[in-house]
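Read from first to last, the chains carry the letters A, B, C and D; within each, the first residue is number 1.
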Amino acid sequence: MAMISAQTFFISFFGLAAVWFGVVVFRTHSMMRSALALLFSQTAIGAMFIGMQAEFLGVLQIMMMATEMSIMAIFMVMFMMDPGGLGKMDMTHQKRLSVITGLVAFVAIVAVAVFTDWGPLAGSVPDSAQQTEDLGLELMGRSMLIFETAGLTLLTAMIAATAVAVEPIKRNRD
Amino acid sequence: MTTALILLLLAVGAYLVAVIEAWTVSGRWQLAAPITAGIALLGRESIVPRKLDRVFFEVAPVLLLISALLAATVLPLTPGLIITDLATGALFINAALVYVLVALLMAGWGPNGAYAMIGGWRFLGQLIAYAMLIVMPVTAVAMRAESLLTTQIVTSQADLWNILYQPLGFVLFFVAAMALAFLPPFDLTTATSELAGGVEAEYSGVRLAVFRLGRLVLVITLAATTVVFYLGGWQGPWLPPWAWSAIKILAVTALMLLAGRVLPRIREADLLNLCWKLGIPLALLNIFVVGLQVLVWP
Amino acid sequence: MTPELFPALITGAALFGIGIYGALSQTNLVMLLMGVELILAGAMVNLVAFWHHLHPDTPAGQMFVLIVMTVMAVEMAVGFGVAIARFRAIGSVEMEEAAELKG
Amino acid sequence: MNLIAVTILAPLAAALLILLLRRIPGALALSGATTGLLASLALLADTGAGVSHEIQLPGLPNLPLSLIATPLTTLLSGLVAIIGGLVVVYAIGYMKRDDEKVRFFASMLLFVAAMQTLVLAGDWILLLAAWELIGLASYLLIGFWFRRPGVKSAATRAFLYTRSADLGLYVAVFILIADAGSSDITTTLNTGGGAATAAGLLLLVAAMGKSAQTPLHDWLQRAMAGPTPVSALLHSATLVAAGAILLIRTAPMLPDKVLLVIGIVGGITTLVTGLIALGERDLKRTLAASTSSQYGLMLVAVGAGAPLAALLHLLAHAFIKSSLFLGAGVFQHSRDSTAFSELHGAGRDRPWIFFGFALAALALTGIPPLSGFFSKDAIIAAALISSYAPLFTTFVLASTLLTGAYMARSLRILWQGNIALHNIAGLAWMGAALAGLVILAAVLGAAFPAIEAMFSDPLPGNNVAVILGLVAAVVGLTLGWFVPAQRLLGPLRPWSQRSFAIAGGFNTWVVRPALATARSCERLERALYNEVLALGRLGLNVARSCERLERALYNRVLALGRLGLSLGQAVRLGDERGIDGLIFSLVRGVTYLGSRARRLQSGLIHRELAITVVVTALIFATLLIPILTF
């Protein structure tokens, strides 16, 4: 019982951190800060995963998101000066609609989460080494096709993004 | 208890790294130099630039130190001498070390200084170059060990060290590790000669001391990682495990530092070209070959 | 009513809501991408929560999380590609100025 | 591989190869002919040894085609092969200057192959086919120089003669097959009675056509228009021989009356053509006439009931006549003409050729020990012992005398005169062929006993015949040598000049019937034409009536169309008032809604996102209702 409660505390703490950083993302005017806030939000989520004994996923999340969000940061600074929108200018539109939608979505999902009976809880979780092995077997086994598709999609996205982003070649007629 | 011991060892390691670095620069053994320099830094006034981003400025050195320490937590120095033997240790090392990047970005951004910022962004480009070369050789190592447990990786090299089993992987990982520790010739972030210290430029006093300490710990950690992944960790004849670990780690450190001294600094564009056009194909080849070897000699 | 799930699910819901808000309200493409990232993060939290509490013995849940991570990476790559192209074309990534889709 | 097949196919294959490759025709022809020669000699040897060959080919239903190797057929095939081969050798030299060797040799070999088929044929149908083939081949060869004046007409003439005579063969074959129920020659030979008589007479007609018997002898002399090797082949072994061969083969079944007719025809022919030969002014035509006369002699032999004697004379005459022709060809080359007026002393130019020519001439006359002597006195003996001895004997003796006369005459003309030496291309080839043939012609007599043994049918022979024959020959020779032909012929001369075209020869016997048939055909055609015309008129009338009907229909349809148009007018009015109004209002409504909807679609991403989210939320709400209300 104590273990469970500690775990719950751990999860809740990092959940709150994630949410807090998520809010910060859209509260600050410094692009750098919002990017790193998002990074820490994702990191907190990774920590939640670890708290939920999905160790591999957690570590992976922490690692990937760090790189991803750092890259995002440089893009932010590239595309919009820092502080974003040059000072106090408002960088948002249709604010009320957005807030309402967000709140409604939140409330609705919470309602679903609370009022739905999710069925019996499972017992113990296999230890992380076991998990990793299972996940590997799963990926190389039943879900191989899906995973290969995902990898292929990623490759395609990389190539497409590069193709879109590179400077268009000047065709000189001679 | 173990944690304290590890931290102590890391401190000693950092001291030795400083000594060796001084030796590689000046060629003389100045055993007291690190201590005196540290005391001097602590005693000096720590200047704070104007219009800075306080949070980043304060957090960056600490984050650097912490990430290096976190990476060190999953490294076995002797059998049992390990803080947490994570089931995903090899991955966790990468995850922790990525935060070096974050720290450097913060340190580059925070002080609101041109040189620092350039240094920070440069490190980002550098990461894009080396990240893959960290992960993919480690994949090959894990393939041989059939586990991500660092201890198991060490024991998997009982009969043959990975440096002989997959030399290509070792070379790639070594280079990538040097780039990660922004040691010369990859010290684009703190290019003393052109950026006036880069990310370090605006730091002084205690913060600079912490920053330097973090960097030293990072170097020693990377050396230890190399030892664990490729040099069979604590294993070795005649001598006790701790001695072997110490010898190997110090040797790798010296090698890293010396290599930096003899090579010219490399531009990040060239680094990117090198890593993506040569390094990654080689890494893939390495994975392939190791896979074959694993199939042949299980 | 399964209270053990609440922390994770509510976190997911909050992240989702924040993401929706960001995606809708931000005038900037990159910020918009951030919102999308948050939405996906909420989804991942829920997935892991369900996996941990309900079906810990089937790795399919974790596999799904991996797929979502891939999706995030893809979305980042494509989004930044578009952003660069747009920035090169009209020197800005402000959504207000992007009305080419008007039919 | 069966020897018979080789015998026939080797020349054929050579001909095809020549046509395909279109080069080195001489070599190909020689190789083909030699192969055939070897095969047929082997066949002859086998048959002599008693081994019999036969090929059965699936022909008409239950009338199989067959090729058989009996002593007779093999002997003839050997003859054909030998002469064919030697003539080919000769032709290589003779045609050296000609630039259409391909055509020449191809048709030559076709000729040989067809002849082999004919002699080896074991059933009537194959024989007919071969018969037609040799007709065609001879036509091609006689008309070989078709660009020269008169050649075409000569070829056509020969063709028409033989073809019109062939009708007899057809009918005869039909009769025989119908009577015997089989197309096998040997079985049909057992037929007798009226069928045999009719068939025999018809066969005689066919033989007369091919062997140029009076009154159908005219074409043969005109056929001299062809190249000399062709004449040699034609006269000796192939075309002309075919008639005699036909009669010899069918001799066993011929009743006496038919035999008598054959004998008479042969006798008349031999006399008439002998006189013609005597009166001729042209060497080759003389030889041609003599050919006819010799075949007449053979017919007499057949009529006298000694087909073997006829066969022997056929063989001997074949070699002799071919050598004569070959020699004549040489002289023709040396003087560029075959007219006696040009040929004075041509013999002195080439004494050796002349020697061969003279040897052959003496052999033909029947001077011992040359081959002609034996065959001829066999015929005389046969005539003596035959049931119509006086008639046949006179025929034979007179013909012998005439033979001597015209041979001596031509020899004299060739010898007396002055030398005018031209050099001839390919003389070596011609000389070789000539030598071979002359030698054979000379010594063939030695082989006759073997042939008799092969047929196990002793030749009639007695000293009276020998003495009579020798006397006749010598008298003929002396007359021919010393007395000029004009005086010899006396009153018969003008006729012989006109070559005894009895009752207008060609015209009467060929052209008139042909024209008659043509006219009848024309009449028939006109009748048909009238019929067709009537049909056409009928069709026209039908068409007219149809047209009338159609016009009526058209009017009806037009009326209907007008009705439909007026209806359409009415409907359109209705539309403009009612339906169109409705549609326009609908359109207005849609455009209005569309303008409203367009405002939603701003193209601004955040707006569209917002709409998406809201709509999705609504959808989820609807989905949630059941969950929330239990």
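Definition applied: a residue touches a chain if its C-beta (ideal position, glycine included) is under 8 Å from a C-beta of that chain, and two chains touch if they have at least 3 such contacts.
Note that the structure is predicted; figures quoted are calculated from it, not measured.
Colleague: If you tally contacting C-beta pairs for every chain pair, which pair wins?
Modeller: Most contacting pair of chains: A-C.
Colleague: What's the chain with its C-alpha centre farthest out from chain C?
Modeller: Max centre-to-centre separation from chain C belongs to D.
Colleague: How many angstrom lie between the centres of chain A and chain B, each centre taken as the mean Cα position?
Modeller: Chain centres of chain A and chain B, defined by C-alpha means, are spaced 27 Å apart.
Colleague: Distance between chain A and chain D based on Cα centroids, please, to the nearest Å.
Modeller: From the centre of chain A to the centre of chain D is 102 Å.
Colleague: Could you state the distance in Å from the CA-based centre of chain C to that of chain D?
Modeller: Inter-chain centre distance comes to 100 Å.
Colleague: Express in whole angstrom the distance between the two chain centres, defined as the mean CA positions of chain B and chain C.
Modeller: For chain B versus chain C, the centre distance works out to 32 Å.
Colleague: Indicate the residues of chain C shared as contacts by at least two other chains.
Modeller: Those would be 20, 24-27, 95-96.
Colleague: Specify, in ascending order, the residues of chain A that touch 2 or more different other chains.
Modeller: Within chain A, residues 56, 60, 71, 93-94, 97-98, 101, 105, 115, 131 contact more than one other chain.
Colleague: Go through the chains and record each pair that touches.
Modeller: Pairs satisfying the touch definition: A-B, A-C, A-D, C-D.
Colleague: Across the complex, what residues on chain C touch chain A?
Modeller: Those in contact with chain A are residues 1-2, 4-22, 24-31, 33-35, 37-38, 41, 44-45, 48-57, 59-60, 62-63, 65-67, 69-74, 76-78, 80-85, 87-88, 92-93, 95-96.
Colleague: Over in the complex, which chain A residues touch chain B? Could you list them?
Modeller: Within the complex, chain A contacts chain B at residues 30, 32-33, 36, 39, 55-56, 59-60, 62-63, 66-67, 70-71, 73-74, 127-129, 131-132.
Colleague: Would you tell me which residues of chain A are touching chain C in their complex?
Modeller: Residues of chain A touching chain C: 4, 8, 11-12, 15-16, 18-19, 22-23, 25-26, 31, 34-35, 38, 41-42, 45, 48-49, 52-54, 56-57, 60-61, 64, 68, 71-72, 75-76, 78-80, 84-85, 91-95, 97-99, 101-103, 105-106, 109-110, 113-115, 117-119, 121-122, 124-126, 131, 134-135, 137-139, 142-143, 146-147, 150-151, 153-154, 157-158, 160-165, 167.
Colleague: Of all residues in chain D, which touch chain C in the complex?
Modeller: Chain D reaches chain C through residues 598, 601-606, 608-610, 613.
Colleague: Could you please specify the touching residues of chain C with respect to chain D in the complex?
Modeller: 20, 23-27, 32, 95-96, 98-103
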